[in-house]
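Here chain A shows up in two complexes: once beside chain B, once beside chain C.
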Partner chain A sequence: MGLTNQATGFRTLRENFLPASTGGYLVALAGNPNAGKSTVFNALTGLKQHTGNWPGKTVLQARGKFTHQGHTFTLVDLPGTYSLLANSVEEQVARDFICFGRPDVTVVVVDATCLERNLNLVLQVTETTNAVVVCLNLMDEARRKRIAIDVPLLARELGVPVVPTAARRGEGLAHLKDTIAAVATGALCPGPAPIIYDADIEAAAGQLTRQLQPLLRGRLNARWVALRLLEGDATLLQGIQQFLGVDLSEPGIKLQVKEVLV
Partner chain B sequence: MSTITSLSNLRPGSSGEVVSLQARGLARRRLLDLGLVPGTRVVALRRSPSGDPTAFFIRGATIALRREEGWEVLVQQV
Partner chain C sequence: MAGQKTDPVLVEAQRLAGDLEDSYRDRIVAALYAQAEAIASRAVKEAPAPRREFDWRLDAILTSRLWGYPIMLALLAVVFWLTLKGANYPSALLASLLFAFQDILTSLFHRLDAPAWLHGIVVLGMYRTLAWVVAVMLPPMAIFFPLFTLLEDLGYLPRIAFNLDNFFKKAGAHGKQALTMCMGFGCNAAGVVGCRIIDSPRERLLAILTNNFSPCNGRFPTLITLAGIFMGGLLTTAAGVAAATLTVVGIILLGIVLMFFTSWLLSRTLLKGVPSSFTLELPPYRPPQVLRVIIRSVLDRTLYVLARAVLVAAPAGAFTWVLANVHLGAFSIIDHMAGWLQPLGKVVGLDGYILLAFILGLPANEIVIPILLMSYLSTGMLTEVNSLAALGEILVRHGWTWITALNVMLFSLMHWPCGTTLLTIYKETKSLKWPLLAAVIPTALGLAACFLVKLLAGLLDIVAAG
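Presenting the complex of A and B:
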């Protein structure tokens, strides 16, 4: 299986969850632990869910389908994580799926009662991909705790649609499906606000991004890869080699990273 | 003026405010991702029977940290 994965490149990861013959859209569901991700998953997919196994990984993932406005959506429930920086197997699985699984939409489920903790992951996902929908879940609990959230302002600041839900009561799910469909079909194009770093980091990232663009050829967000390389994230190099067949640890490329760091 | 100590020295029941992180690289990033940025209020909840790890309440979630992870976080006791 490993050999097939390598030989056919990054399409395998997507096709493992959405065979080319099936058609429809692939939707990833990310979020912190305890944000109600699985409740959202079950509410969207009903009883049609079953668990799938990540190729070569022991972390189980749930996968399910729903249809909306005549389109079929395959939903993949990623492990709950606080970060996408591959500190653990769960984070690496989530990160690899969002990067290399090429989902049409990534839904980030956040806990409305605990926003500041959850927005870290949202920003990490919007740095990776534009096709993001934020599902502001547990709104019923937030109301009970008298937490008021200015949803339009949050959406404007993040640059992505924000849908308030209370998944266990079925609240907001129709709106969530509409929004997922709009982003998947391209009717709605989120434009996440870019995160600007200090001048020296920006200079190094810009230089690396220009070197990476011809190697990645649009398959991954080059700026995001540049920032991860500057952080010294070695697991991303493995992922890029495994799924894209590009070896960024070749001596020539390594040298250029070092030059930027000096 | 209260004393500055490491997170690992906080006794269960006491709390502190993060002053700085001594970790570097990915270890630092992991602590930041858990919400341990300067100014964050942390409460030590309880210690495992073996003395390690310790559960802390950080920005709305309970998170267990090992002693060696907690050493890297400097807090001001409050």
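Presenting the complex of A and C:
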């Protein structure tokens, strides 16, 4: 959050977690701190927010709009996080929005100069939802540091579209908008490759997934919820109860988790 | 707080998972990281030395034990020196333009045979207050905000946090409080919301309660103007500008010291506990986009703050004019109100009008000086054109000395937060106790500090006279 007129004074009192239905498509913007999320946000929505060069400035979600190919897109700038494990408030805000805010597309802004660390977040997001676009940002800095990235290979490995950009210079933004529109309208359906875990985790997750599916009715990725349950994530259970009205701590499920874990 | 209510199913799951050799969480995370590493190693074809040479060297200086603090202070001083030096002339120019227009407005009202009270409210109340706000506040803000934004853009703020981390830790507070402190310099309400980046509820409360010690946008113009008049001798000499700069920097440093002190005190009394650790990534230095920074900071901050001041100052100006011109008996309402506050004001080296201006300024700190001027000016006439000199003359005519000015600056630093900030604190803490405490602590400190200054000045006077 820069100290903009959206973020200071009386407007700080306005809480904005879940947006009202806007008619257009809802796009979430996630990414590591300092990967250039806010710059991408500005470049897409047209200079609405000052971007400060310091981590943690986006505590509230900033939002803006843009139109492309006749569609309206509402863009939500999430706090920068290294993971979605809900270790901190930022991570929880970002995760809750991606899970329960029902964005049509989640764009993960990635710092091309330190790909490995940024991919951790990408993989966690693709585990949650299929509708993901990776925005490989800071390509200009990567070029200057002579880092070469095989973009088609990266896209194949991740199973989601990867768009190289240099948002500060406006490079690649048209392509990014095209890709966001394609995924939002369903013209492009990313199929991220699942991460394969150890055999016993897979067995436990598979069993839980089957039991969760009828309860979640497709509103959340059941395999992902199963994995979080195995991790012992309390905040997610609260989120599921709060936003979906499904109480996973009811006795039936409790028994099943117990069974699986034994 | 989320996460504190434990679910029975979770307790069960944790118990069972704990029995296993590796916890599921560790193994899941490990698999994830391995996958990320594998993909990255295939996709990145050419990777040179991973870390940035230049950044390393710059950080070694900017965050060094020896140079970190001097550089921080020097940067702060340069920013305010430029602000004070640069704002003087445009301020005078704006004032003469705006007050020339007031004469035109007045003659227009006369020609239209408008009633005197209408002319009073609209021209002497609203317009004159507005003119003061614009002439006095706009130029320094138009210089200060772009400079501050440039530092922010360069990536200097996290280095400040890094430098101050040790102090915050010693005060029992969270290192991220340095970041919320910096946000507070922009706007305390934003700083309070920014405290959400601090996870521990105890440390977040510390940061929320002490954020008010960062003088915000609304208070900087007061500090800069008063320092310019009384410590800087109207900024006509280089020594004057230097003295005014040092005063403003001193006030800010005092605010930071008070933030540490209050955090330390609270973490040993009301909010006991140990500070938690955190990771702070020092982002790469990036060349600031100068033109964009200037445009954005002028549009987003300067004009926004000004608009807020104008929006609040116009009705407040009219309201104050009415208070100053409706008489009950021999005195106006404002005289009565100031009269009640006068004894307290005098004890702490202020006066009743000043305290009243701070009270009426609750909606926004930007309007404290305009309200004060309104109540001083309700009877007097404005003659000078140079804004600083004219302002100084009015204040001196009402008994101000440099001690009064210093006390007003101190009280501006240490008094209750503005209404918006108090509401924000209430919203963030969901309890009336914390906004109340956030108002009581600085006010008590402010009154004590002003009293002390007056006492010391009195002693000095006796010594000098003897």
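What we mean here is this: the second predicted complex is superposed on the first by the 227 of 262 C-alpha atoms of A that agree within 3 Å, B and C clash if a C-alpha of one lies under 4 Å from a C-alpha of the other, contacts with A are read in each partner's own complex, and residues count from 1 in each chain.
Heads up, the rule we're going with is that contacts are C-beta pairs under 8 Å (C-beta built on N, C-alpha and C of every residue); 3 or more make two chains touch, one makes a residue touch a chain.
This is a predicted model, so every value here is computed, not measured.
Asker: Scan A:Leu29 for contacts with chain B and chain C and give back first, second, both or neither.
Answerer: A:Leu29: touches no partner chain.
Asker: After the superposition on A, what does A:Gly232 contact: first (chain B), second (chain C), both or neither?
Answerer: Both chain B and chain C are touched by A:Gly232.
Asker: Residues of chain A touched by chain B versus by chain C: which partner has the larger set?
Answerer: Here the partner covering more residues of chain A is C.
Asker: Between chain B and chain C, whom does A:Leu123 touch in the aligned arrangement: first, second, both, or neither?
Answerer: second
Asker: Just chain B (first), just chain C (second), both, or neither: which does A:Leu220 touch?
Answerer: neither
Asker: Let me test your reading of the model: by the given contact rule, A:Leu153 touches which partner, first (chain B), second (chain C), both or neither?
Answerer: It touches chain C, and chain B stays clear.
Asker: Which residues of chain A are in contact with chain B in one complex and with chain C in the other?
Answerer: Residues 33-34, 85, 114, 116-117, 120, 231-232 of chain A touch both chain B and chain C.
Asker: Quick one: in the complex, what on chain C touches chain A?
Answerer: 2-3, 5-10, 12-14, 16-17, 24-25, 27-29, 31-33, 35-37, 39-48, 50, 52, 149, 152-155, 157-158, 161, 176, 179, 183, 186-187, 189-190, 192-194, 196-197, 199, 217, 280-281, 283-284, 286, 289, 292, 296-297, 300-301, 304, 308, 420, 423-424, 427
Asker: How about chain B: which of its residues touch chain A in the complex?
Answerer: Those in contact with chain A are residues 25-26, 29-30, 33-35, 59-61.
Asker: For chain A, which residues count as touching chain C in their complex?
Answerer: 1-5, 7-10, 12-13, 15, 33-34, 47, 50-57, 59-60, 85-86, 88-90, 92, 114-117, 119-120, 122-124, 141, 145-151, 153-154, 157-158, 168, 195-198, 201, 204, 227, 229-232, 234-235, 237-238, 248-249, 253-254, 257-258, 261-262
Asker: Sort out for me which residues of chain A touch chain B in the complex.
Answerer: 32-34, 82-83, 85, 87, 111, 113-114, 116-117, 120, 231-233
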